[in-house]
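Each structure below is given as structure tokens.
In the two complexes that follow, chain A is the common piece, with chain B as its partner first and chain C second.
Here is the complex of A and B:
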């Protein structure tokens, strides 16, 4: 693999820097907001003594730089505070919610790529024909339709009216209880598959179709547009004409050679769209009662649950950085000219 | 006598553009025999590259062959389907291009391309067998260390090496015709000579019919048996290379030769042909070169000159040259 040690070290340092930056920002924001955490901490109708104790416990009686010190060391120790809403440690809450979101996002991206890339390639091959126009309309719609609207409409039509697919939650509890399913990684599709529990697998699969489809619309539109653009460019390049002149069959030139050229930019753009997809996940999870990070963060925001919000922000920043690293590495695997 | 591998008869090609129909090739005929090399010579925009692409059945989508025939080993490729053309490309006719770096997909090794062509064109499914053939093709074009070249990506090789590799790829399937579209233009001079020598050697060894497209008369002298001079899509002169270069008949060919700078002759200015290519959307009743011709007669712009054999084997389309001859 053309990835050097220096690159990995550089990226890890960058990761630390990003997290540090996010921590500083969240620290500053929570100190600026005129909230009185000790009031929430101490419970209702506290005595002055109880409040004093709460301030001590939360280090609010110390100077600001000491507070920052505690804030950072607590974070490193994994002590991300307790959610004011769920009363669980934030890190534990996130660990439970994150796999649900990742599963949803991964399935959505797989759907987006499987449908978007071939459609984009087809549009590039059939430029300026009805195929191209249909793909254009569908992909532009896909990229621009508001996620919450599409989620509600599909939930209403496919789930409520037609009853074709479940419209809420990840899996039906009764299936889980009946089959005695125990999650391992928290990725239900993966866990049920390796345990050979097909009842849970099919049930979870049915549940994930609608939210994943809604979530896949933006990356789908993006990858279709991107593939079409890059493909039409590659098909006009000299090396495509040479390959055809040398007698390589057209299907090989297109689907083996040209498509590989198109893949790197498509993957890069999908990596960048990840942030947008996470925002989409917040709405999709809210609509489909999907017990993931989006739902957790949304509820935390609505109930001023600062520790939970900060935890979510940090995790999303972490994921974003890691995704960018993965995109870089994948790019270097596709393109031998890229040395990391 | 066996039919010549490549015969082009009265080929006329039009480009359909937003600004009108461009009549790029206007009734061009020629033939290339086994082991023979023919040069198409002309300025940029004269239609020589269009002819090269047409011969491979690989014209851009906005170009159309309006009339004429292209016979490859006796088969008119204009009557073939896309699938049948695919079959012929590589097997009977292949091509090398001006820019060797751009000719290779940057994401694939030379070996991958070569093996794929051997797999699909020669039907060699066995991987080791295909690799053996590929290495043989690479060593045939004088590439040192074929194993390394096989595993190299285009960006790891120089232009000269890539052009050799391109020749290896084009000839790996043993076509009887090779079209070379300015294959040395982008290489530096020492490499040019090497590539020309290589092509010359392979032509003799394999009995290749070589269609060489260039604007460089020095290259013409080095590689060709016969020369076909094209101006604005029309053939103006045709003959053996010595005849055409040493005693050109057509004024256009004369000017073209005068334009080659010589180190032996001290000139203060570089020569050029006044004027520019005519508007190819229009039809011209007379000689198409007449407006730029310093020797034009009164009838030149009215009556098209016939393409006649002025000397044995030396053809020209010019009123004045024929009269003088």
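Here is the complex of A and C:
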């Protein structure tokens, strides 16, 4: 369905504004709130020279608005500072780590939809029965479980004790070396599939199941609840009831009319849960040693690698903003009633 | 929400076994949180000031229902006292967020115009961060500790309440009784705080009370990432984290505090879910889609 050009332009303008806002807030947090910003940027146990260098890099001797100017231009130029832990530029580290996280989050979302939507639909059809109650508790559980704890427990039981699934890393090194696998995009599942390297593909698939499952808990709960809410509403509406009265089979009505109507809100809710999921990835990647943005951010936090922490914060906020914009546009395509 | 509505909701909760479970859990959590320091089987273990070499890594038993940790401390006592800290964090975060968010939303909504727009744009800037991300950045800047954790979470939290109050105030301010108050010459401040605020406050306080579960969950996440409370504070998230290094020899150290988080947050969320069901589902859905909840 067509979306007006103005709508997209308006949305893009809003995006620019939001990005500006994100930068302002991070500026306030990193430069104005701390009494001595250079202490945070100079790594742990800095020498006086390092402190002096950090002061110069941050332009701390200049007035605030000049500092802000440098902050914004450095951001645009890609000068995001150097990580104390890896000694690489932060932006480069982030670019290397990002595909692994996106792959994990995408698989988690696919899992969430595959489990959540049918369960939510089932609950709507069996409203106020024990099936409905069970689905409700399970879906609320998804939003209530501490992801890092679930990750630890599942890793312990399914990987360490039972040995069913691998509990760390994206892929086993030996498979990569044996088959001479060379990643192209950094999305291992995708790369191995288009290269026809099924040994790496199945190995990577096994590795992704546990972390993706843990991460899928929150979007799963949300999609199940959303599907249930929308479906039970749609099933009560005139057009579905008359379709049933006309003698259309219930199956057709459910799949063709009711479920289709539930699609737009489910997509919107999943878009919103993206932010929660990527923060969950900080913790889940730390547990499963998944070499993505989350592990990078978590390690940075644990080792007081402040430039890396702030870089991750900005990147995640930007991704979140862009995803929200895309979701809004897609949503307005599916459901023309949605306006900015 | 008047007393009548409250009674209706309470009866709805009573009818549904799942919602009732939520109510019981939340009530239980509050009772334990308040009484915790007086019912600890091993008070010194709970506060974390001791080291029992001979009692390290004991599995769960009658004497130590949740086992002992790497310093020989009773995990059950630590989890019990953890309820107290979770309660403090939850009340602190939500209370502080209300203290910032409610006046913000009230002023923006009532004054409207340019001031209102600017205030709400500032709110939107905060909402551009995914949940917990801003708190992580703040906590990393402020350093570890109970108070810093509460501040970091509250500052990432208040915009939701500002939004909610803003929407409420916007619908209230055009009601005839507000016009009447203006005509008799009451000052804007008096109208705002005496006549508009009380009527806008109920939905946001209900929401806030139920958000306490999420506050507990997020505080635990901060602890896990090393920017939450300081050891040896028996905060549940930190207890799980402390058990991580020895999870292969003593799974109970991490399992039980995690379960405590799960059950408590589940209780709050089930209750929240029940209220959502009870109020207009269509409205709630719109709010949810537009990211205002």
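In this section, the second predicted complex is superposed on the first by the 301 of 340 C-alpha atoms of A that agree within 3 Å, B and C clash if a C-alpha of one lies under 4 Å from a C-alpha of the other, contacts with A are read in each partner's own complex, and residues count from 1 in each chain.
The rule is simple: contacts are C-beta pairs under 8 Å (C-beta built on N, C-alpha and C of every residue); 3 or more make two chains touch, one makes a residue touch a chain.
None of these values were measured; they are calculated from a predicted model.
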item: Room on chain A for both chain B and chain C (clash or fit); value: fit
item: Which of chain B and chain C A:237 touches, first, second, both or neither; value: first
item: Touched partner set for A:216, first chain B, second chain C, both or neither; value: neither
item: Which of chain B and chain C A:245 touches, first, second, both or neither; value: first
item: Partner chain(s) touched by A:197 [first = chain B, second = chain C, both, neither]; value: neither
item: Touched partner set for A:227, first chain B, second chain C, both or neither; value: neither
item: Chain A as apex of chain B and chain C, Cα-centre angle in degrees (nearest 10); value: 80
item: First, second, both or neither for A:18, with chain B first and chain C second; value: second
item: Partner chain in contact with A:257 - chain B first, chain C second, else both or neither; value: first
item: Partner chain(s) touched by A:332 [first = chain B, second = chain C, both, neither]; value: neither
item: Partner with the higher number of touched chain A residues, chain C or chain B; value: C
item: Lowest inter-chain C-alpha distance for chain C and chain B in the superposed arrangement, angstrom; value: 13
item: Contacting residues of chain B [partner chain A, same complex]; value: 56, 58, 82, 86, 89-91, 94-95, 97, 99, 102-108, 113, 116-117, 120-121, 153, 155, 166, 169-170, 173
item: Residue numbers on chain A that touch chain C, as the complex places them; value: 18, 21-22, 24-26, 29-30, 33-34, 40, 133, 136-137, 140-141, 143-150, 152-153, 156, 160, 225-226, 229-230, 233, 265, 268-269, 272, 274-276, 278-279, 282-283, 286, 297-298, 301-302, 306, 309-310, 313, 316-317, 320-321, 324, 331
item: Residue ranges of chain A touching chain B (in the complex, touch as defined); value: 237-250, 252, 256-257, 260-261, 334-337
item: Interface residues, chain C side, partner chain A - complex; value: 16-18, 121, 124-126, 128-134, 136-138, 140-142, 213, 217, 220-221, 224-227, 237, 240-241, 244, 247-248, 251, 254-255, 258, 261-262, 265-266, 268-270, 273, 281-282, 285, 288-289, 291
